[in-house]
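Right after this note come the structures.
Look at the two complexes coming up: chain A is in both, with chain B in one and chain C in the other.
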Partner chain A sequence: MLCLGIESTAHTFACAVVEKNGKIHSDVRKIYRPPEGEGIHPREASRHHIESSTKVLVDSLQQARIKIKDLDIIAYAAGPGLGPCLRVGAVVARSLASYYKIPLYPVHHAIGHIDLGKLLTGAKDPLVLLVSGGHTMLLAFMKEKWRVFGETLDITLGQLLDQFGRSIGFASPCGKNIEELAAKTSTYIQLPYVVKGNDVSFSGLLSATKSISSQKEKACFSLQETAFAMISEATERALSFTKKKELMVVGGVAANKRLSNMLKSICKRQNCKFYVVPQQFAGDCGAQIAWTGLLEATAKKGSALENTFVRQSWRLDSVNINY
Partner chain B sequence: MLACKVKITINNISAQKAQAVKSALEPDNVNFPENLSLQIENVDNKLVFIFQGQDNMKKMIATIDEVLEHVQVSLKVIE
Partner chain C sequence: MKLIKKGAEGDLYLTTWNKQKSILKVRKKKAYRNPLLDEKIRRQRTIKEAQIIVEAKSFGVDTPLIYLVDIKSCSIVMQHIEGTLVRDLSDSKLVRCCNKIGYIVGTLHKNGIMHGDLTTSNFILSKNKLVTIDFGLANKTSKPEDHAIDLRLLKEILGSAHVYIMKKTWASFLSGYKAIVGPTRLAQVTNLVSVIESRGRYATVV
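Let's turn to the complex of A and B:
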């Protein structure tokens, strides 16, 4: 069984073909890059997706060496995300599903990150740290739902890095630029450290880091150390509470080596296995959507076209998982 | 009060393609701004879009712009 996955929640338009046995036959993406210092403009990003969609789709099918008629199902990211961007992916998916009579599966973008992470790392029952531009959450699976054991109270870890990065002139996504600058120093400047219960708050940290942005390298180093220590504290407490023996990190920020190193030391203390999604699949991609679509297809039929909506806001812990 | 009706017709489109485009666009035809509506009709070899709006023409123009972009992308991917 082959599934085409279509991702378009934010800056990435991506298509991938994945087989039921977990083989990723193709993975093609085009990323909208806003001007340096600016964030994602939803309509500009959606125009990028419209211009890229046909080529990404064709390249994805060619890379997989198949034709559209060879597809058994199509899955698309139905949310959460930017409305204009989500609608482009949904229109592409519905057009193909309607014209070629292929079953269609709307998929939760963040659950795609988790499912693909489990496929690629081999984690069985992990505590999940989902860190991206759209989410900062600690999750454990129980009774058909991913339950939240801590999350951000304001902006996400990805937003923190992107907003600070943009303020010093980088273009989103800025995580890699910040990591490179941070690696050039080990001088720490004191910044606000806010953990409330098992939740974190980054907005004060963002403002304080902006106030020291003239010292770019020290600011980047201090920002990373503070934010990652906060999330690590919450993660260690969640591990201790849930007694999980695996920790898996997924989402775009999972590509950060410093974060991985901090989490590895926690896992060592808690006697638990550490998994991180491979860097190539840490960011948004079609494979995460295709794989979750395939998993959903094992438990239910495709959705009627008239019920295939997009949802800009869609809590991960509200999704029932029956596969 | 300024009221405006815009009718856009795509001619010479097969019934199958017209239905695919209509099915692709209709689920997003929800939660429209107040005083703005869109009706999509698939008749003979034509696909007809009827936009009706009052007062806020900027919203209407932006909606027409986005819908036409979606029609374009829908036709491109099925071809």
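Let's turn to the complex of A and C:
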């Protein structure tokens, strides 16, 4: 069984072909880059996605050496995300599905991150740290849903890094630029550290870091040290509470080495296994959507065209999982 | 001295103090944290915990007796509380306990204290007395916004770890809390809980 996965929730337009046995036959993406120092403009991004869609789609089929007719199902990221961007993926998915009569599956973007993470790392029953553009959450699976054991009370870790990065002139996503600058110093400037139980709050940290941004390297270093230590502490609290024996990190920020190292260290203390999604699949991609689509297909039929929706805000812990 | 638990942040040892069975809680260095930051956090929390545990007792909230505080090693020696963690109770007992937790949290808030880590692993049920522990994240504050943070965390834990009986436990908590703080304050704080929730995971991306 082959699935085409289409991702278009934010910066990235991506298509991937994945097989039911977990083999990723192709994974093609194009990323919209807003001008330096600016945030993502939903309409600009959606225009980028429209312009990229044909080539990304064709490349993903070619690399997988298949034709559209060989596809058994199609999955698209139905949310959460930016409305205009989401609609591009949904339109492509609907057109293909109705023209070629292929069953269609709307997929929750963040659940895609988790499912693909489990496929690629082999984690069985992990506490999940999801650190992507739109989410900063600690989750564990219970009674047909991913339950939240901790999260940010305001902005996400991705937003924190992007908003600070943009204020010093980087183009988002800025995580990598910040990581590189941070590596050039080890001088720590004290910044607000706010952990509330298993939850964190980043807004105070963001404004305090902006106020020291003239010292770029030190600001980046101190921002990372503080924000990652907060996340690590919240994660350790959730591990200690849930008694899970595996931790899995997924989402774009999972690629950060410093964060991984901190998390490894807490896993050691809590006597638990550490898994991080491979860098190549940490960011938004079609494979995460395709794989969740395949999993859903084991439990239910495709959606009728009139039931294929997009949802800008869609809470992860409201999604029922039957596979 | 026997290590009995690795908590969320402290190492807990069973020890004796004046021939009494007691608990030593040590906040050890965390190697992953920048040393400056680490030192500050561990000290502050050790001091806060010791102070607020004592203060809470003064207005009738059951907490362990504090025997010794050593700021330098970030350790506290306290009374050992015999009993069961509320997290590990049966469902029906948990529902009843949540009512008591409501009284306790209401009393703390009324006296200007937020607990800061209201999970079910920070209450011990001991001979029909419910003892509150782990005040490391506690703060002196009367702001309804801060009290709402306490309620929200408890709600998050009841809605995840104990989701099967979430409705009952939450209602039971709220009725206890209301009995202490009154209906007006309850409405104010629970409204703020909804505000916080609408900022977090319910919010749209970017």
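Basically, the second predicted complex is superposed on the first by the 323 of 323 C-alpha atoms of A that agree within 3 Å, B and C clash if a C-alpha of one lies under 4 Å from a C-alpha of the other, contacts with A are read in each partner's own complex, and residues count from 1 in each chain.
In this text, a residue touches a chain if its C-beta (ideal position, glycine included) is under 8 Å from a C-beta of that chain, and two chains touch if they have at least 3 such contacts.
Worth saying up front: this structure is predicted, and the values here are computed from it rather than measured.
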Contacts of A:Gly134 with chain B and chain C, given as first, second, both or neither: second
Chain A: partner with more touched residues, chain B or chain C: C
Which superposed partner A:Val107 touches (first chain B, second chain C, both, neither): neither
Which superposed partner A:Ala10 touches (first chain B, second chain C, both, neither): second
Which superposed partner A:Ser53 touches (first chain B, second chain C, both, neither): first
Contacts of A:Val18 with chain B and chain C, given as first, second, both or neither: neither
Touching both chain B and chain C, residues of chain A: none
Chain A residues touching chain C - in the complex, by the definition given at the top: 9-10, 39-40, 42, 80-82, 133-135, 137, 140, 142-143, 147-154, 159, 188, 190, 193, 195-199, 225-226, 229, 232-233, 236-237, 240-242, 261-262, 265-266, 269-270, 312-313, 315-317
Residue ranges of chain B touching chain A (in the complex, touch as defined): 16-17, 19-21, 23-28, 30, 62, 66, 69-70, 72-78
In the complex, chain C residues that touch chain A: 6-9, 30-34, 36-37, 40-41, 87, 116-119, 121, 137, 149, 152-153, 156-157, 159-161, 163-164, 196, 199-206
Residues of chain A that touch chain B when the two form their complex: 43, 46-47, 50, 53-54, 57, 84, 87-88, 90-92, 94-96, 98-100, 305-310
